[in-house]
Amino acid sequence: MIAYLLRRVGYALPTMLGVAFLCFMLVHLAPGDPLVSILPPDASADLQKQLMRLYGFDRPLPVQFGHWVWRALQGDLGTSIATARPVVHEVFNAVGNTFILATLATLIGFTVGSLFGFVGGYFRNSWMDRAASVVSVIGVSLPHYWIGMVLVIIFSVQLMWLPPSGAGPSGSGQWQWDVAHVKYLLLPAFTMSFIPMGIVARTVRALVGDILAQEFVVGLRARGLGEFGVFRHVVKNCAPTALAVMGLQLGYLLGGSILIETVFSWPGTGFLLNQAIFQRDLPLLQGVILILALFFVGLNLAVDVLQMLLDPRIERT
Amino acid sequence: MSATMAGTGNLPRPLMRVRNLMKHFPLRRRAIGLGRSSVRAVDGISFDVMKGETLGVVGESGCGKSTMARVLMQLIRQDSGEVVFDGRTVGDRTLPLQAFRRQAQMVFQDSYASLNPRMTIEDSIAFGPIVHGTTPAKALDRSHALLARVGLAPARFAGRYPHELSGGQRQRVNIARALAVEPQLVILDEAVSALDKSVEAQVLNLLEDLKRELALTYLFISHDLNVVRYLCDRVIVMYLGQVVEIGPAAEVFDSPRHPYTKALLRSVPSGDPLRRLDAPPLSGDPPNPIEPPSGCRFHPRCVVAQPVCSRAVPSLTDCGDRHAVACLRWQSGSGYSPASDIGGLPPIRTVEVSHA
Amino acid sequence: MTSVSAVSQPHGDAGLLPRLDAMAVRSPSHRARVMRRLARDPIAMMASAIILALIVAAICAPWLMPADPFATSMLKRLRPVGTPGYLLGSDELGRDMLSRLMLGGRLSLFMGIAPVVMAFVIGSAIGILAGYAGGRINMLIMRCIDVFYAFPSVLLAIALSGALGAGITNALISLTAVFVPQIARVAESVTTQARRSDYVEAARASGASATIIVWQHVLRNVTGPIFVYATSLISVSMILASGLSFLGLGVKPPEPEWGLMLNSLRAAIYGQPIVAALPGVLIFLTSISFNLLADSLRMAMEVKQ
């Protein structure tokens, strides 16, 4: 098992390096000079050359990449052009906020999605199943930024129950766990929960259906096990896969929150990304994407390992 | 035995010579592997296939029969050893793969999986000839002729898809497909094993007829000893990737030499209530082909094994009548003492076994 | 090659064989059977009808739309739905919503569908190559694809178009880059499956070259599943493409596009919430129709043969 663990980590390392390379290349993908955003428009050719040398842009790409990775490993992702603060500092503040949002959204989405999935899987082809699958199709088809707007219209504009945007009454961006702050969290989290809801519902429905169709369930029933007992067996057998899906969805939401954060002006990574893009703050852009992608890879790894621990059948030696 | 060498008036000559064929599959480890161990699927096999004969290959599942078939067809490249076809080494300049594959064809066990589900029957059969340069129109004509020959009316079947046919019909299509390039040798890898008994008999009769008409040579791989006995002129018995006994079918079936062959023959279910076994002829599963037993590979399961069997490796020894066996008991000077050869296999209650 | 006389003896010469005539049984091809099943599926038909209607409306917009979608009017800003002359209201610059939604469908549908079509071609090619080649080549290609897989698709799309800069072409490139790895992965797995199948073995045993086997045997069996998967991506692509425009990364104003319209109407949610939400309804309608169609298609192809 430890061998598997090591192998799985060893497998993730090249992926991480590839991710780093892709993030590094983002800056060089950008049209024009990588310095164009910091240089004043009237900069002399001399100044430009000087800066090129200063930032190391005059060296060959592999060398630049090596340097960049080396510094990143030491926790130095460069300096934000817009705020002049270290990128790492900016990113970690935002990651915290996004994490709060994504976790709550995942929990809501997972709970509701599993519920629909169980109903659908248990009563296959009944009207309840059909209703549940309609809901899950709607869930995966909704443009979430739009449903965010619709929810704002309903709950903020019409009913005036919840604030339409921001992450707290003071606007400082410093998160606190109190009623005033949580009110700001509810709408974006609920909006975001639509993303995993449909996928979780579909997965759970398929899982439950498959398990119920298996012979051991027939055997359990034949031996006189009550419906509740059968249900417990089903849950036990679904759990590893369902939890894996949940973990992956959390990772997905962390990186895919940008549109929703923009709608709600939630001061998370997505919002930061948005800023970075429109201020052409390429070091910040690079840093945010690198951290989010690495997080996603790490989460994938964690889910794999966790699944192995949970599922006795998977003996990956 | 209805299968005879009738078609070959002159002396039989080898159509295919297999020499020291070896195929080990390294165990795949995901990512950074420690690819040391390997499955020894085919481990040094040599034999001849005579022109015009039906050579049977028997053995338990997992003994490497199918791998051998695939290596013979060169669907898998052997690690070492060679296959000589009609005097020319397969894969050489004298007999490139493509040319060899017009001479040898194969019929697979799974009649459904071996037909492209998106191709009509006629297209599947015509595919081979077209590959070898026949014009599509001519290939289709031949495809229809072959369909008729294997007992499927072209008008009814040519335009159909595999899933619309029964297993027996599909296997007829597969046979037609194999014959479409006019091969000399047809390798039948468990070709009738998946069929119902009644259908199996029909297909076997068809195979016999085709062989006579087209002067074919068959390599018939099967785990069904009754069928092999019915169909084959000679038989190879395989155990863990090696040949343990080879000889004329009548010889091998009526006076088997290798203890494994004996045990295998005893495991054939018999309709005769008098012929009943007290103990299972073969106990346990075949050993792991990754780490085969030392010495004679059969010794852990062999009822007449002696200490020497775990040390010395037996080689195929001729014991007359084109019959050879790889057992230390039949190898003079091997260290096996025949005196202690008592007890032997579990007894059969009736002394005389009459063959119906 | 010699004649078939040896084989066809019982029936005489091959040339005299009865040709397949009108009496002969011809089974409908797989595609025909799938289409027939789809035609009997009310959901698939409904979804297709909606998609068709949206496409027709978008293509014919210049002739069908009631007003000039670019004509602004400060006096007639943000009219509600049902205002005479403004059937679906007017936007924040007083432009006719109905006309803008119709014309906007052109870019929105194009930006939703085109990346998937391009990714279908590129991704299939990569995946089939990897799947059929196997071994080291497969590993190399698939490891590269894993790297792209390490990004949530929204993040990747935004990162790429963010770095490339706003604009339709860049948005198309980014979205294609998002879907290529996903399609390639599906293509690789179905191709690997096909490569290991007995019918490919049999084709190899016939002496066919790898190229012929891929064209004649593999493609026939893998395009279906890849196509179904690609269809299901159109829904995601619609949402993502409009999302890029919503962020200001796709289409530039004043060009109408549903995502962009949604963004510019965000300020209007207090005054005209229904008008502000309208572009999203169309994105949703398109997305769900493609999703339902993809589901039906998958079921029609999965039916036990």
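Chains here go by letter, A, B and C, matching the order in which they are written, and residues are numbered from 1 within each.
Heads up, the rule we're going with is that a residue touches a chain if its C-beta (ideal position, glycine included) is under 8 Å from a C-beta of that chain, and two chains touch if they have at least 3 such contacts.
Remember, predicted model here, so these are calculated numbers, not experimental data.
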When the mean CA coordinate of each chain is compared with the mean CA coordinate of the whole protein, which chain is closest?
C
Farthest chain from subunit B, comparing Cα centres?
A
Would you kindly tell me how far, in whole Å, the mean C-alpha position of subunit C lies from that of subunit B?
49
Rounded to the nearest whole Å, what is the centre-to-centre distance of subunit A and subunit C, using the mean of the C-alpha atoms as each centre?
25
So how far apart, in whole Å, are subunit A and subunit B when each is placed at the average of its C-alpha atoms?
56
Mind pulling up the subunit B residues that touch subunit C in the complex?
70, 73, 75, 97-99, 101-102, 105-106, 108, 110, 113-120, 127-129, 131-134, 141-142, 144-146, 148-149, 154-161, 163-164, 174, 177, 179, 181-182, 213-214
In the complex formed with subunit A, which residues of subunit C make contact?
143-144, 146-148, 150-155, 158-160, 162-165, 235, 238-239, 242-243, 246-249, 259, 262, 266, 269-270, 273, 276-277, 279-280, 283-284, 287-288, 291-292, 295
Under the definition above, what is the set of subunit C residues touching subunit B in their complex?
1-2, 4, 6-11, 14-15, 17-18, 20-21, 23-27, 29-30, 197-199, 201-209, 212, 216-217, 220-221, 305
What does subunit A use to touch subunit C in their complex?
14-16, 18-19, 21-23, 26-27, 29-31, 137-138, 140-147, 149-150, 152-153, 157-158, 251-256, 258-259, 262-263, 273-274, 276-278, 282, 285, 289, 292-293, 296-297, 300
